[in-house]
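Each structure below is given as structure tokens.
You will see two complexes here that share subunit A, one where it goes with subunit B and one where it goes with subunit C.
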Partner chain A sequence: MKKLLSEFTKGIVKENPTFVLMLGLCPTLAVSVTVINGIGMGIAATFVLLSANIIISLLKNIIPARVRIPCFIVVIATFVTIVEMAMKAYSPALNRALGIYVPLIVVNCIVLGRAEAFAQKASVGRAILDGLGMGLGFTLALILICAIREFLGAGTLMNYSLIKGFEPARVFGMPSGALLVIGLLVGLFNVLKNRKG
Partner chain B sequence: MKEMARYAAVLGTICLVASASLAVVNSLTRDKIIAQAQAEEEASLKEVMPAADHFEAVKKDTETLYYRALDKDGSLIGICFKAEAKGYSSTVQTVAGMFKDGTINAIKVVSQNETPGLGTKVTEPSFTDQFKGKKGLEEVQAITGATISSRAVIDSVAKKAEELKGILNAP
Partner chain C sequence: MPPKDEIKDNRLTVSFSPHLHKDESVSRIMWMVVLSLVPAGIAGVAIFGLNSLWVILLGIISALVTEAALQVATKRKVSISDGSAFLTGLLLAYNLPPDVPFWLPIAGSVFAIAIGKQIFGGLGQNIFNPALVGRAFLMACWPKLMTTFSGPFDAITQATPLAALKEGKLIEHISYLDLFLGKHGGCIGEVSILALLLGALFLFIRGYISWHIPFTFIFTTGLITFIFGGTQPLGAGAGFGGDWLFHILSGGLILGAFFMATDYVTSPLTRKGQIIFGIGCGALTAVIRIWGGYPEGVSYAILMMNAATPIIDRYTKTRVYGA
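Up next is the complex of A and B:
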């Protein structure tokens, strides 16, 4: 039981996809300008991650090892397209804000990485827990980066301005600011990890 | 050889199942997506030309050139159009309402992905309100620090307005 739980929680801190595994940084850098974007991207990626993990773990004995990558890509691409259509139909504003980064979940290395490194060897139950945990870890990491960047770069949080007369540091709204924030957070994660270990 | 055939069969089956499920989702969401796009379009037209009762799309082939804004009796008040230009980091799309005499009523930036806190200011009233009641757009002030995004809006609207004025004045 404890082992099962750790499949879920490992994605949040110990093997956090963004800060520890360093996967999926490209969409993270690009999308993390406002908290709303971060939440949307996180939910979309979690859905894809979870669905892809389930299907791939179910098919693990059928898919031959030599053609596994194209098989994984087809499965992942299908779910991404479903997410995109659903978003267009029910939340066009979010779809516009996330723009090109939704279709790019297809090549988000977190999804393929988890399929390759975990789901193709694990039972369905463990694959579900892994997908949820990794998705949650990715979402939380995104929200953290977004919150810092949105506050420092635009002076707002969730589009509400917090402090009157606060002159935002524009660089945090730009990709260079994203690199700075992510770098510092990764450093912080490492410090925390070493102290514990 | 036999192995090869098995690889192809597995991959082919997966692709088949995937495309079948996409077809189902597409048929479920297609109408909804079109309706959403239309509702959004309608709402932004209404915003830039509140005086109009309804709008009539003027099309060339399948492309919408502009909208005729009509009042309750169906007579022409003005036109609405969509202008777009490359901004700093995205294509900036603006919807504008123009009266018959060529005065801009209002504009609304409907789609952009510019730098947050700088380029995104083109969507704010402090910028868009400058267009109200203007015939020529030379006096519209670009936003400090967001010249490229501002120019994208000003120039694209001015260019399209100039083109359409010709159509309006023609009998």
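Up next is the complex of A and C:
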């Protein structure tokens, strides 16, 4: 039981996809301008991650090893298409804000990475826990980066202005600010990890 | 038992090298550079008023506080007395317009020391000149505050000579003497060429800086602005009519060339490398001024060449004799 639980919790801190595995940085850098974007991206990626993990884990004995990557991509692309169509139907504004990065979840290296490194070797139950944990870790990391960037770069949080008269530092809304924030957070993660271990 | 008649003659005493000892240290050099920058600060305060003095002091104090705080937080020796953080804060403040709000030098200094220097491991480890990192950060964050200049002796907003040139309207009444003395809009520490040259002369005489970077820097900027900086385009039979003296005397060229491009940490080690570095800085400055989006390019030119410094060092390494 404890081992099963750790499949879930490892994605949040110990093997956090963004800060430790350093996967999926492209959408992280691109969409982490506002917290709303981050939550939307995180949920979308979590759904794809979970569903793809389940299907791939179920099909692991059928998929021939030599063509496994194309097979994974087909499975992942199916779920990304579902996410994209659902997002267009129910939340067109978010879809516009995330733009090309929704279809690009297909090539998000977290999803393919978990399929290749975990789901194709694991039971369905463990694949579900892994998908949920990784998705949650990715979402939390995104929200953290988004919150810092939105507050410093636009002076708001969830589109609410917090401090009156605060002159936002525009660089944090730009790509250079994203690299800066992620770099500092990765450094902080390493410091905390080394202190513990 | 030593022999009774010890050798008195120094020429016969054999000792280990190095034999010549000079009383120099990093912190001594840093404080000397600070000293050489004092005239420019006095000139800036005299020209733009007391507000610029507060900007300078806030820049210095917040640089020192940030350095000490980070060194305490990472359990390293607090080394704010070595003058390097002081110098960074001072140079950053010299690169600000005189009438900025008081939080701007603080934000710049904190960023310059924390991100520009301590993240890399402190003095000697940084890739970029910290003061210029701070300036670039402020330019990217608050471009409007960083490009609103007040004129000399009054608080009326006035474009810098270079900004006016960029917009195609030269300030008619500005003379070379005004530029030389600093009677025009600009950053606190960059306007008075006279005061800056006094400080630079002091550094030259004491041997803290060599001619290689500043002179090639200034010469290249002058040459390129002379060739391409004319009012008519080259193809139209004109060219070679650029106002090179105007370009040399305005903006931050003198401050940058003598005091920031020569930073020991971020410039090449060999003479040959320093010449390449200076030419690169000069060319980039001229390119940004003539064709770029910004009126002034000294700080970005130096930052870009800072990035190129490791590769310049690699290709200009002196050959070992006989190798």
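As a convention for this text, the second predicted complex is superposed on the first by the 197 of 197 C-alpha atoms of A that agree within 3 Å, B and C clash if a C-alpha of one lies under 4 Å from a C-alpha of the other, contacts with A are read in each partner's own complex, and residues count from 1 in each chain.
In this text, a residue touches a chain if its C-beta (ideal position, glycine included) is under 8 Å from a C-beta of that chain, and two chains touch if they have at least 3 such contacts.
Fair warning: this is a prediction, and the values are worked out from it, not measured in the lab.
> Following the superposition defined at the top, how do subunit B and subunit C come out on subunit A, clash or fit?
Fit.
> Scan A:174 for contacts with subunit B and subunit C and give back first, second, both or neither.
A:174 sits against subunit B and subunit C alike.
> Draw lines from the C-alpha centre of subunit A to the C-alpha centres of subunit B and subunit C: what angle do they form, to the nearest 10°?
80
> Of the partners subunit B and subunit C, which touch A:20 in the superposed model: first, second, both, neither?
A:20: touches no partner chain.
> More subunit A residues touched by subunit B or by subunit C?
B
> Just subunit B (first), just subunit C (second), both, or neither: which does A:141 touch?
Neither partner.
> Rounded to the nearest angstrom, what is the minimum C-alpha distance from subunit B to subunit C in the superposition?
Here the least C-alpha separation of subunit B and subunit C stands at 7 Å.
> So subunit A touches subunit B in one structure and subunit C in the other; where do those two contact lists coincide?
The answer is residues 168, 170, 174 of subunit A.
> Within the complex, which stretch of subunit A touches subunit B?
33-34, 59, 62-64, 66-67, 70-71, 74-75, 77-78, 81-82, 85-86, 88-90, 92, 96-97, 99, 150, 153-155, 168, 170, 173-174
> Under the stated contact criterion, what part of subunit B meets subunit A in this complex?
3, 6-7, 10-11, 14-15, 18, 21-22, 25-26, 29, 32-33, 36-37, 40, 90, 111, 113, 115-118, 145
> Spell out the residues on subunit A that touch subunit C in their complex, using ranges where they run on.
167-172, 174, 176, 180, 184, 187
> Which residues of subunit C touch subunit A in their complex?
107, 115, 119, 137, 140-143, 145
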